[in-house]
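After this come two complexes, each holding chain A, first together with chain B and then together with chain C.
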Partner chain A sequence: MKTYNRILFLLFVFIIMPAVFMMALLWAPPAEFLGEASRILYFHVPVACLSVISFIAAGYHSIMILISENNIEEREYKSYNAAYTGIIFTILTVVTGSIWAKISWGSYWNWDPRETSIVILMLIYISYFSLYSALKDNVNRTRISSVYLLIAMITMPFFVFIIPRIYPSLHPDTIINAEKKVHLDAAMRLTLFASVVVFTIFYGYVFNLMNRISSLELKLQEKQNDN
Partner chain B sequence: MNSRILKNIKKDFLIEFRNRSAVNISFAFAGITTLSVSLVAGGTPFPPVVHAIIFWIILFFSAMSGLAHIFIREEEEKNSLFLSLYYTPEEIYISKLIFNVVLFLSISVIVTFLYLFFLQVLPSYKFLFFLTVVSGSIAIASVTTILGAMVSKAGSGSSLFTVISFPVLLPVLWTAISLTSVSIDGSGVQEYRNIIFLLAFSGVIVSVSYLSFKFIWTEF
Partner chain C sequence: MTIEVTAAILIIWFGIAIFLYRLDRKVKKIEEQLGEK
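Here is the complex of A and B:
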């Protein structure tokens, strides 16, 4: 990695991220009814956003595999890595969400439409990995798993955006809501957006690192095949 | 193109009905599951939503037992290469889709009659119930056709088919269960609009599958 990139990352990990965590835990005021427990908002919302962003990234690379003839191998590991990071963020979303549900609704799991939608996203990731590993010996593995992600992508808007709006939900309004307004006071809003930004940059860094590892593995494999 | 698709459909029907084992197993599975449920229930009066859930679970697993077969057979009998030489991937997809829709609608009719008869359910909105079964079955057949092709290429059989189908089919099951429940208890006639959701979902899946089937079927 180039030196300035490394310095930037160290600055980010050791100064900016802890600062945002401090903002979330100490500076931002607690919510009116939930009290101190509401601070989980600054961790739950970013990981939920990233689980969807990862899914979109995996879907984007899958579509590019199907429509473009170039860089297939690169696209393959990028879509796989996006899905890989996606499932981790989805699990984190489920865990933080159920802790929040226990505090505010009294039980860890309620089959609320929004809880259901994130579990289905997790199931899609699990199915993708099952299909990907089952296709180990198939020369078309990349394309077939890309088509699966494409089909799964079509169903996602129904779960994430449509069904929670049709069926009654206890979940608080999301950032992207019908009124297009964020129902938070200024300090909470600032902390939430700072948290989303740092988590997204962190995700970008991890994703980039995974892609570099995959690229090196690929080169190593090519070298071994040549010998 | 139409005559070639018809020729392929005719071939599939001929093979399936000459060697009836696969089709028989699908129908027998659907029948036995429905009968087992009614036997175990033993006349217990279920609320409409429980009826709807059991009914669609039976239909879902009936689809899982039979709808991937049309592609798996081609792979097992090493016919896929010959098919690819003669037909375009789009023609293969359309013919297999029509076969699966017809097969699953037949399975659904059997399950519906057995279920209504043995569990003594009489839907309040019969037309809504009928539309739900038809549009839900078309949606299930549309999704499972493309996923069946993927599974046949993976060579992993029915467990993988169920795993990859479940998340994609959930919007269909979710909507179909709520529609069936409403049609049984007669609580909301405005639910008719959800039929459009099921049909639109099938339309979207079929369009994407039609465009992307060549990536699954053709070896690059």
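Here is the complex of A and C:
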């Protein structure tokens, strides 16, 4: 890490992110009716957004594998890492959502359309890792798994945006709603926005770090093959 | 109660941040070693 990058990184992880956590937990007012438990919103919404972003990134790299002959190995580990971060963020979305559901609705699991659809999406992506592992010795592993990720990305908007809006749900009104209005107090909106931004930057950093490690593994493998 | 939750989250966060910083340094070191060879 270069010196200025290191300073930015230290500033970000030791000052900006803790400041946003404190904004979320101490400064922003609790939501009407939902009370103090509503503060989980500032963690639940960013991780849900990042799961969608990660799956789009995985789909994008898969498309590039299928249409381009260049940098296939690099794109392969990028699509894998994006799907991996996506599944981590999806699990975090389900966990934070379940905690919130327990406090608001009285049960961790209610078979709500939004809960069910996100779990189906999670299973679709977990299947990708099974497929990827199963095709270890297959020469067409990259292309087959890319096609699977592409199909998974196409199904994602149905599970995240369409199905939860078709069926009646207990879930609070989403940020992207039919009225096109964010029903949040100004301080809550600012905190949510700050939270989404810092989590996205953090995701970018972690994704980059994972790609660097994958690149090193690839280089080591090439060196071993040469020897 | 909120203060305790905030303190717990911040402690966990600082742990994650230190871990990531150390990991980043290790990766950078290996990258430099592989680049030199």
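Rule of thumb we're sticking to: the second predicted complex is superposed on the first by the 227 of 227 C-alpha atoms of A that agree within 3 Å, B and C clash if a C-alpha of one lies under 4 Å from a C-alpha of the other, contacts with A are read in each partner's own complex, and residues count from 1 in each chain.
Throughout what follows, contacts are C-beta pairs under 8 Å (C-beta built on N, C-alpha and C of every residue); 3 or more make two chains touch, one makes a residue touch a chain.
All of these numbers come straight from a predicted model, not from anything done at the bench.
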Contacts of A:Leu66 with chain B and chain C, given as first, second, both or neither: first
Chain B versus chain C as contact partner of A:Leu216, first or second or both or neither: second
Which of chain B and chain C A:Asn140 touches, first, second, both or neither: first
A:Trp27 touches, of chain B and chain C: first, second, both or neither? neither
Contacts of A:Pro18 with chain B and chain C, given as first, second, both or neither: second
First (chain B), second (chain C), both or neither touched by A:Ile154: first
Touching partner for A:Ser130 - first (chain B), second (chain C), both, neither: first
Chain B-facing residues of chain A, complex: 66, 120, 123-124, 126-127, 130-131, 134-135, 138-140, 143-144, 146-148, 150-152, 154-155, 158-159, 163
Touching residues on chain C, where the partner in the complex is chain A: 1-3, 5-6, 9-10, 13-14, 17, 20-21, 23-25, 27-28, 30-31, 34
Interface residues, chain B side, partner chain A - complex: 143, 146-147, 150, 153-156, 160, 163-164, 166-168, 170-171, 174, 201, 204-205, 208-209, 212, 215-216, 218-220
Complex contact set, residues of chain A against chain C: 1, 9-10, 13-14, 17-18, 21-22, 25-26, 36, 39, 205-206, 209, 212-213, 216, 219-220
